[in-house]
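One structure below.
Labels run A, B, C and D following the written order; every chain starts at residue 1.
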Amino acid sequence: MANADCIILMGGNMAEAHPVGFQWVSEALAKGAKMIHVDPRFTRTSAVATKHVSIRAGSDVVFLGGLINHMISNELYFHDYVVAFTNAATLVSEDFRDTEDLGGLFSGFDPETGKYDPSTWAYADPAGGTVTGPSGEEHGASASARAAGHEYGSGGPPLEHASVLRDETLQHPRTVFQVLKRHFSRYTPEMVRDMCGISIDDFEYVARTIAESSGRERTTCFGYATGWTQHTLGAQFIRTAAVLQLLMGNVGRPGSGIMALRGHASIQGSTDIPTLFNLLPGYLPMPSVGRHDSYREYVDSIGSKQQKGYWAYAETYVVNLLKAWWGEAATAENDWAYDYLPRLSGAHGTYQTTADMRDGKVEGYFVLGQNPAVGSANGRQQRLAMAQLKWLVVRDLNMIESATWWKDGPEIESGELRTEDIATEVFFMPAATHVEKAGSFTQTQRMLQWRHQAVQPPGQAQSELDFFHELGVRIRARLAGSTDPRDRPLLDLTWDYPPDAHGNPDPEAVLAEINGYVVDDRAPLSAYTEMKADGTTAGGCWIYTGVYADGRNQAARRVPQGGGGVTQSEWGWVWPADRRILYNRASADRDGKPWSERKAYMSWDDAQGRWVGPDNVDFPVDKHPHARPDPSLGGAEGLAGDDPFVMQADGKGWLYTPKGLVDGPLPAHYEAAESPVRNALYAQQQAPARVLLARSDNMEAPSAGEPGADVYPYVFTTYRLTEHHTAGGMSRWSPYLAELQPEMFCEVSPELAAERGLVNGGWATIVSPRAAIEARVLVTDRIRSLTINGREVQQVGLPYHWGVGSDAVVTGDAANDLLGVMMDPNTQIQESKVASCDVIAGRRPRGADLQRLVASYQQRAGTTPETGTRAVTDPEKEGF
Amino acid sequence: MEQPPRKGFFTDTSICIGCKACEVACKEWNHNPRDGDLELTGMSYDNTVSLGASTWRHVAFVEQGRDAIAAARTSGRALVSLGMPSVGAPASAVPAPDVAPPDTPEFRWLMASDVCKHCTHAGCLDVCPTGALFRTEFGTVVIQPDVCNGCGTCVAGCPFGVVERRSDGTAAPTYREGHRKGEQPPVPKRGVAQKCTLCYDRLLDDETPACAKTCPTTSIKFGDHTSMVASARERVAELHAQGMTEARLYGANELDGVGGTGSVFLLLDEPEVYGLPPDPRVCTADLPTMYKRAGVAMAGMVAAAAVAFWKGR
Amino acid sequence: MAAWSPLEWPVLRQVLTGDRTGRGAAVQSARTRQIESRNATADRVVQSVCPFCAVGCGQKVYVKDDKVVQIEGDPDSPISRGRLCPKGSSSEQLVNNPLRQTKIRYRAPHATEWTDLDRDTAIDMIADRFLAARRHGWQDHDEHGRPLRRTMGIASLGGATLDNEENYLIKKLFTAAGAIQIENQARI
Amino acid sequence: MVPEAEFTSYYDKPIVKAPPWGHEIPAYLFLGGIAGGSGLLAAGAQLTGRTLLRRNARLSAMAAVGLGGVALVADLGKPSRFYNMLRTFKVTSPMSVGSWILTAFAGGLTVTVGAEVDRLAGARLPLGPLRPVLRALEGPAGIEAAVFAAPLAGYTAVLLADTAVPTWNATHRDLPFVFVSSASLASAGLAMVTTPVSEAGPARVLAVLGVVGDVVAMKAMERRMDPVAAEPLHHGSAGTMLRWSERLAVAGAVGVLAGGRRRPVAVVAGLALMGASALTRFGVFEAGIHSTKDPRYVIEPQRRRLAARRAAGETGDSITTAG
């Protein structure tokens, strides 16, 4: 990032959320770069930005689409890069119909199910027809790992093969480029002004700055965070930026790219080695019933051997995982114990689980270093759901609200729950801090860093590793001798980790298993390319292979400053294959020469016959840039010398997504699920494929144009402050942090304050269809009222760190209680950044009056569980 | 005994992001108790209000509109035209492709981390009767908590309002012991004056002070005082070259009322906007005059007494 | 405290040393002259990584008498260059926080208060409940007779603040047990 | 709304901190003045052979020193470390200088009081062979104490003025005159209360001179101060106290002149004068504390003097510089 000439921070507040990461922005600024912050609020990031552009929350696609349109129509895109490295020249199927043709929907939408059939979005096949997926299914990475905006994770979805039609003049009307041009033509500066509240001058300033800071000599970098992911079309927010960055040639080059700024120490790691329902380690999908009933179906669906790049070897990764888990019980004869894996049947995300819990379908719940009573959307639903559990295990450092809701939660105060009536058994297990256990975190740029243990955990505290290992041992002991086939997976599980001096499993041994080894002699593998699909190697997470190369813990490498080279490669270990910039083949042109001296990184050295540069090339190291292998070849062999996007099935950067996203091949702007603004781009108001959870405990506010929309007239957005950490479990118990931001507050514009009689330092009550909370008021010019479609729209800012309890140093109402659960269909992430509310002066009612207040609003607005749940906007019914 | 060079801070507020890491790192290192009573102040994002006995770094937050920004630019320009001592633009000016002034004139949010100034002429040090305050080998001013008897004179002696005698540590004291709101955390060193030591213990071990070490954006720089002043001058010239005439230095002038400060600041507005005095003067600068005047007055008193006994019947 | 000596009297030292005005070395106390950095006196220093956000800043953990006495930025880290944000700077307080829980607490059904449990009992109780819930929520086949081999009785949330090795064991154990409702912050 | 920071201050928060001093401090200022003045009266009486005045003045001084010392110690944050006041001698610290003055004064005074008490007790104190020594030292000790009497009465003015407290600092040229005058009139007043009119003649003269000095010095001081820094002397409780102080002082002087030879009048006038002095000390103290609470008292005088210097072409001494 320090190498960028222009940095666009959008949908994130980097200076506040990642102050230390922000030093690289500071450094770029000191070198003369520009930084533009596009955000609904003027934050601490804006304070040091070259320019702050105020945008209506949730309208980012309009703004970015406007930029795409500007770059295309003024021919400001990086032509040579686009032609060479993206799918701009690729032809799309004749059957594809764009939003232009279908009133805001793409072809293939089924209003009954609310889902798209993506088959018409495919590339045109030279042999006629379309290039579809191997068995019509995508692998897990694209369908949901993007959950946390993991744009460069492990690549795109599979294609049957990589043979496509291309027109490098970009003139054919069915080239991706022409489709793109037409699609974004309605994203004009005027549209940006009317929908985002951004003046044409400001828009042009941003456009000019990006255009001037892109191309051969310069690069622009984007940074985003949950301001993009937490929307009903969050993945498409990121896609829009990716399209723009590909158009401008800002991917795979120094100072380029799109940086996901993630919020947790190992949130990347917990997606790579996922504690997520839909994934297995290394972005392999959890098998789904009906699609993956047999091993063959499963393996073929992940990656086709005929597609280009490294996903073609997916079967190898699967075999190694199964072998690592079930050891000798996994054999070629039993399909490597594939049948030991449980099957999904639809989404089993945390919010679906919560609903099931509330309905009494879940008995036991482990909450591990997380605080859903405060941190999850619709907190009341979360707490009421937990009250239906038989038992709950909370493992944390502090006595968080998720462990105490049964005695001091908001529902106890309001009388909805009575402690004596709650049958849930609660185990609070004290956890170990990061210095009381050894292990690795994977940070936001995919780097694994090892933490050495400093001291033993105090008292009865223990690490997750020790606890779950011990739990596994006892469960297996109880089942010993069982003949029930359902117990086989547990009994055959490899669960014999050598103990350390204190009798706990050695975390390095776990890392070694993750890394992978030769089954015979336990020799560690040094690269995933060494993995075999014949059962002679095993490895728990193929993308991490190499982290234990040579039997050394590479994540523990700590040469000061990483050894001083440009890539600082002797510090930690970066997956995949210790590569610091992904797709870095794109830092050189088609012929393998640097695009410019200034932005030189990797390049082809004819003399040595290999790619050279400061990094490990993200490409077959000896593949000549002019190599043109037989199109029918798959895997790494199939990659052409100018196919830098080695994880995409055609080796190209995807401006258009023929497969892999479930809500459209191109981004299109839809309004948030709750919005007081009409979508001016299309008749379709909300994202048609958004995921809903229509329940009486998860009501939605009417959107613009619907009766009752004016009952919740304001837009609120939630965010975090630099002084606190998410739901506060690690910060509200710290006196030093608590005193810096001691109370829940809301930020409002002077105009809204005047409208509602709010006083700086006083109290306000914020009401949504789910809940009402109180907050101290900060009236500030940092929040602007915006003119949208000619009418003023007021936004309310709500930090979400506080929760109701009695153990923390500071407590307060939880902003997340206001949120409903409406989700992005790609990621199953809820929309936290935009929703509708009303604000009134004064503190909220206590006791039973609180629910009465919420109910009276619901009545006035006429909301029912069905409100806002129609997939396709009906123009007739909406009156236009 | 060889004297190490004078040490100091250069706090460049133009790159401060208001994260308050300095406040936390300072408290953590110095084991200072939580301050205040955990109430929102309504002063933008500032909830610690000022420097004090337990808050030795304090980040100020100032929200300003167009008029205030214009005024700051004007007052900054006036400083330049006063012909202040100024080194020219740095030899290696940054190769900025575009020196147009940042075009966000409608609004700005200033953040500035304040700290003890470690004055060349330190009022607190001068007026201390017990020798609890002393000037270290690093040219910094430090309180010895084992000597201080809490007379409080240094509190009155500081023109910047830095020193404070530590009482119970909260603004609205309660005497329930504990850490939560409404409770009183244990307060060490109660009753003695407290302020920034510029991490005297860390300096002895050749370590950077906690605040400067943690600062994510290098807004707080630490080093030899002369080089701090030099880089401050370079930085202000750089900003002026970019058209940011509101930038100015505070404490870099050894001819000022406190002989220059060990902690130098780059500000973007008048000092009082940040809660700093515009023209501080060490009180002991006038001490000779005071002693002289007091001598005359005392002589007068003796004379009056003499007259009284001579005339009084 | 060392025995008091008349020569320690600063007034005398003012006269004897050059510090006539009593504003320098003459007034230093014996304790002041012995000041040392607690980093310098630590028994060992351990390299670690900040547990808060995903930047992955390096930390140095100073330990004395098996107690963490200081956590600060690791200047060797190319990621953070020794710097930490306010949260990272509070890490020592996270570890040594007086409010931190170090005891297992158990709330029985309908109880109004916590009680204590020893760890052995607690893990045994959880193992029993785990197996029971697994059994109760077990599904062998879906309505079309296709294999499911899973349990809907157990769910889990969390992992984004945990180690890769921990997440790996959690996922491994839960998957082998047939539990699928495993989620973390990445989706929140 | 978050108030946009005024041009002049940071959310109206104080710039300088008020010293953590309670009412023990003005009480001490008052008592120190009484002690110093009484020390001078005692020495005069000693030299002019007024035994009653000598005895009463010495005892008064001792009482004032004792009470004052208690007040001082009580106001410390760590009273148990009061002895550190003599840990060092710092000429830059009026508090240090004052501590040595107080010690020196109290030293001589204690000897004289010992002698007086022994006399009062009819030489029945168990002094043994020390009695002649005491008697021999009594005279020189009285003179020694007298040497430190005026400094004791006056140093407190420097103590207050030598601070960053705007109103106190602005008085630094003239407050010593106010304080020695106030000390004179108060100690004289006390002598008029304790001593028969026959021996109180010098006290009456000193009282009148003290009142004249007090009123004149106060007026001169206020005139010379920055008008904003002087404001707290006129407003609020400080203003009220200082107005009543002047009234009581003048009334006391009139009483002395009109009827000072009548004991009851002398007693009333003496009490009035003591009241006047106490009010002066509390008033000046309060005014100073008040001036720390509002940043305006720091900013406005400082900006004015900065502007004046700049207008006069002195541009090299500002803390704010362009480079």
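In the analysis below, a contact is a pair of C-beta atoms (placed from the backbone, for glycine too) under 8 Å apart; a residue touches a chain by one contact, two chains touch by 3 or more.
By chain, UniProt protein names: B = Formate dehydrogenase O beta subunit.
All values derive from a computational prediction rather than experimental measurement.
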item: Which of C-D and B-C has more C-beta contact pairs; value: B-C
item: Identity of the most central chain, Cα criterion; value: C
item: Of all other chains, the one whose Cα centre sits farthest from chain C; value: D
item: Centroid spacing, where centroids are CA-atom means, of chain B and chain D in whole angstrom; value: 32
item: Intercentroid distance (Cα basis), chain D paired with chain C, Å; value: 57
item: Chain centre separation (chain A, chain D; CA means) in Å; value: 72
item: Overlap residues in chain B, where contacts from two or more other chains coincide; value: 19-21, 23-24, 28, 42, 44, 63, 65, 126, 130-132, 147, 179-180, 216
item: Of all residues in chain D, the ones touching two or more other chains; value: 2, 4, 87-88, 90, 92, 96
item: Shared interface positions of chain C, touching two or more other chains; value: 10, 22-23, 26-27, 75, 83-90, 93, 99
item: Chain C contact footprint on chain D (complex, rising order); value: 86-92, 96
item: Contact set on chain B toward chain D in their complex; value: 42-44, 46, 49-50, 52, 60, 62-65, 68, 71, 76, 79-80, 82-87, 123, 126-132, 147-153, 155-167, 190-193, 233, 236-237, 240, 248-253, 255-258, 261, 267, 270-280, 283-284, 286-287, 289-291, 293-294, 296-302, 304-309, 311-313
item: Chain B-touching residues of chain A, taken from the complex the two chains share; value: 15-16, 19-20, 22-23, 26, 29-32, 34, 42, 44-52, 205, 721-723, 735-743, 745, 760-761, 776, 778, 780-782, 807-811
item: Of chain C, residues touching chain D in the complex; value: 9-11, 14, 21-23, 26-27
item: Footprint of chain A on chain B - complex, ascending; value: 14-21, 23-24, 27-28, 33-36, 38-42, 44-45, 47-48, 63, 65, 94-98, 102-104, 107-111, 179-181, 185, 216-218
